[in-house]
Amino acid sequence: MAQMILEVEDLTVSFDGFKAVDGVNFYVEQDELRCVIGPNGAGKTTLLDMICGKTKPTSGTIKFNRRELSEMLEYQITRAGVGRKFQNPSVYEDLTVLENLEISYPRKRNVLGSLFFRRSSEIQGKIESVAHQIYLGDSLGMKAGLLSHGQKQWLEIGMLLMQDPELLLLDEPVAGMSPREREQTAVLLNAISKGRSIVVIEHDMAFVRMIAHKVTVLHQGKLLAEGTMDQVQSDERVIEVYLGH
Amino acid sequence: MENVLPAAAAPAAKKSPLALMERWGWLILAVLLLVVLPLWLDVFRLTLAAKYLSLGFCAVGLVLIWGYGGILSLGQGVFFGLGSYMMAMFLKLEAASNPDSSSGTALSAFFGGEGMPDFMVWNSVEVLPWWWEPFHHVGFTIPAILLIPALSAFVFSYAVFRKRVGGVYFSIITLALSAILAIMIIGQQGYTGGVNGINDFRTFMGLDLNNDKAKHVMYFITVVTLLGVVGIGTFILRSRLGKILVAIRDREDRVRFSGYDPAMFKAFIYAVAALFSAIGGALFTIQVGLASPSLVGIVPSVEMVIYAAVGGRLSLIGAVYGSLIVGSAKTLFSENFVEYWMYFIGGLFVFVVMFLPEGLAGLLARLREGKNRRENV
Amino acid sequence: MLSVDAINVFYGDSHVIHNVAFELGQGETIAIMGRNGMGKTTLLKSLIGWLPTRSGKVKLAGAPMDGAPSYQRVSQGMAFVPQGRMIFPFLTVEENILTGMEHVKEKTVPKWIYETFPVLLEMKHRKGGNLSGGQQQQLAIGRALVTRPRLLVLDEPTEGIQPSIIKDIGRAITYLRGQGDMAIVLVEQYFDFARELADSFAVMDRGEIVLAGTRETLREDEVRGWMTV
Amino acid sequence: MQAFTGLSIFTILMLMALGLAIVFGLMGVINMAHGELMAMGAYTTFGVAQFFKAFLPGLMSIYVIVGIVLAFIVTSIFGFLLERGLIRFLYKRPLDTLLATWGISLILQQVYRQFIDSREVEVPTVSWLQGAWQMTEGVTLPLSRLFIVGLAIATAFLVYMLLFRTRWGLRIRAVTQNRAMAGAAGIDTRRVDSFTFALGCGLAGIAGSSFTMLASTGPTTGQQYIVDTFIVVVFGGVESLLGTILSAFIIGQMQSWFEYGMSGSMARASILALVILVLYFRPNGLFAAKVRR
């Protein structure tokens, strides 16, 4: 068995007695690109929220590189190497693309460090290469608020890449993208999955087919099925609740 | 350094009008304050200007925390007051220990409280409280003014921000702090001078505060310090920290997931604003000759916000103009039709919020943009 | 009953709905299909008045709706079942239904609501927030029906709901269609559900209607093609 | 005895805080002029007293009742106009409502100073509220205080009935839980906003009216109470009316007990400090309902 980077065991969270995630076990290997699918309200986003510390689980454990995450604060989890992209692209609209990427650079994240931060040529190079990778190499000076929806999605992925995370959590990265942009995103994700693990929540099955190594299906807070794309697609229960006949 | 990248240089060349104004505005402001006002105004008016500029320190701090940090503090009077009172304690002790200049001391000599501040004698406080003692020394007083308000602001606000208390709740809590401090000062008359405050100072480190030359010197010190404070503010805003601040204001969650501790940054900038206010308070007391609870409580704390709002909550320099303009208006009203002042300032709050949310700086920027657009057509 | 003429909707600066147009007669049902993020929900939000249209016209039974606030649209006969149901969590089931009764003469919840959805009678005094997803969905539909609408707008009523309740909801909608006086706009991703109910179909992709037709003229594989790409 | 003194502070705080809880807790508007609305209620009562003294001296004994009703009407009409003219443009900007209503409060203070009296005014105590009730040996309760405690309880009860037993209450609760959906269910949200705001302001008016029975009213009377009122609402947990009432009770009691050992103003300062400390450990207030957001 390959080295596990993420081990989620018996994870449960309830809001007002309603179990949004209910006893989920979820393992991700190193270098794996995993897709999580399921109907809205199945608990996919809540699962990512718990891994990255946004929501505290009611019970269960989340181990990342053998470190327990559930007691850590968001920024500590980020510093440990977990990057999170939100459902709605969340970029700093008042700042330029360059500044968005620069802020995400994982050094000098304390107050004094950031006060006297100077952009070295190394950082400059890193920003340029990431910007190029996310197809925004020519838009560095642009205010992020002026980017198209799809470009904002890429920028947010780029901001995560600046952090060099070992585990990337992406919530609907291609929502609102054109088919062409979707393909570009698939290329991008395949490229960046080298040397790190990625968990993607997505509805677009064609897109999932393009990228997924393995697929996990959630339904009503519980794990419904897990396997390769073909296994999942032919699973009767998955067809019943999600894919449709 | 900044020109390594063509794409990065592009926006620098085409600065927004607001940014341009901030760049040249600094020079314009310096000329106005250092040359025009001293040549134009008599000593009395110049001291009034100095008074408003002292309050301008708070407004500059508010631009940092409110405009860029998104945190509306209604407790800047607390820090202004701390600075003001610490300076007052020093000045009062100096006046009390100088036998030839102080009438208060003559009186205290009569009552047998030599070296004691006069109001303590009148309140039959016989021994100088221990926490007054260190303020005999300028070497303690000045560091205390620079450190105590800033440190307490940091500790208090970090605790609060860590709990993710923000927005309106923070405003209300800081409002309560202003109320608390004002009540305490008024309540402990024997130690603080109560509702009359502490006044009747003579000298500041031997400099006779009542002569015109001293007033001029103090005015220049105030202006230079204020320009320095604006400079520090500009430096902070242009640094990566400034960008992070804007990022926190707009998307605090994202910042957290970029590995930052937003509470630390907010507390830092809050402490900086507190430091500015304390400096303003100290300079105010030297020049106006007064430390008073009427400058600590809720009313002045909220009024400081309007200085920043009139100038433009996103413009450090605007805050200075805002303080000067609103302050001068106050003088104008109080000299001519005092009963309308409250209508004016009340109306100003409503007007700025409704029609000028970015203040004068925003108005200027809009005018310029409008002009540019017309020229481009 | 409903006429939508070349409307354009923006979310901030991004242009989300492009020249969408369709007509719907009395008693007809249209299913609007398409993948997530293609503008279906945005379209409905603009129909109920949550988002302004930048251009184009919307008419309900001949009356222009453009710029009218939501409650006026409801008083004109439009009723809305939003995505995510949007039950008032701290109101009881009964109170939730009562909120829909601003523009009708009755003062208490009519019996037929409880007959259509018996579970709502059972849960009458429970807080809306404590219902299960399926129960909330039925409540949301009940809250809309109680306005006696001429046009019912439903946003993904099957989303995240177990199959048995989907069937109940389907039956209720079929029954309403059968009455013949209510037009229905149904946004749906679940093709089989939509096929059962709709007279006509429109498929949206990136804010445009890319395929439209009636139950007779539309080919299933074409629709499915747009749904899964 | 101390507990009873606390009760009368509690009534003013509670009536003020109930109004504010509706305006702030339910609508999210920071109304800094709430204190001046209380003063407006007090001045209305004062005006009614003057009127009765001059024209209807025979009916002097009932002026109190007229005063309370009129105070409610005047302040709620003012509140209605304030919402229509100013507040409704600022719903998405709570900090700006704070600043704008602060401006309104300054203007109102000056209006009081200039057109009513710059000094404090007092109303006469009506005959049937003079005297005290001898509860036991050594414990006497002034009738006027008993009256306002009764008034406060009655008002709280009516507010509860209005919010939870009437159609308007249903509308208010629906709009405050989900404004967009309330509109889509057919509720005229704008009208509900105006009504709700007016109601909150009217409660401040009643508070003002009962205030006249405890103390004299001046132009800055309102400002002295505004911070405490906000603290009561926050301490009780916004969105919880019962919490507001309990928190007003606790703070009122603390005030009178603390005054036993120190001066009134120091007691106030200590209570504010104590509340801030408690809020640090329970940022959502003492009685906050757990809500899924």
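General remarks:
Labels for the chains are A, B, C and D, by order of writing; each one numbers its residues from 1.
By definition in this document, a residue touches a chain if its C-beta (ideal position, glycine included) is under 8 Å from a C-beta of that chain, and two chains touch if they have at least 3 such contacts.
Predicted model, so just to flag it, every value in this text is computed and none were measured.
Taking the definition of touch as given, a chain qualifies here only if it contacts subunit A and subunit D alike; those chains are B, C.
Here A-B and A-C were compared by C-beta pairs in contact; the pair with more is A-B. Centroid distances built from C-alpha atoms place C farthest away from subunit B. Distance from the subunit C centre to the subunit D centre is 43 Å, each centre being the mean of its Cα atoms.
Separation between the centroids of subunit B and subunit D, computed from CA atoms only, is 33 Å. The residues of subunit A that reach two or more other chains are 16, listed in rising order. Residues of subunit D found to touch two or more other chains are 292. Within the complex formed with subunit D, the subunit B residues making contact are 72, 159-160, 163-165, 167-169, 171-173, 175-177, 179-180, 183-184, 186-187, 298-299, 302, 305-306, 309, 339, 342-343, 345-354, 357.
Note for the complex: subunit A touches subunit B at residues 52, 54, 73-75, 78-79, 83-84, 86, 90-96, 98-99, 102-104, 106, 108-111, 114-119, 121, 124, 128, 138-141, 159, 163. Across the complex, subunit C is touched by residues 16-17, 39-42, 145-146, 148-149, 172, 175-176, 178-179, 203-206, 220, 240-241, 244-245 of subunit A. Residues 1-2, 4-5, 7-11, 236, 239-241, 243-244, 246-247, 250-251, 253-262, 264-265, 268 of subunit B are the ones touching subunit A in the complex. Contact residues on subunit C toward subunit D in their complex (touch as defined above): 48-50, 69-71, 74-75, 80, 82, 86, 88-91, 95, 98-103, 129, 143-144, 147.
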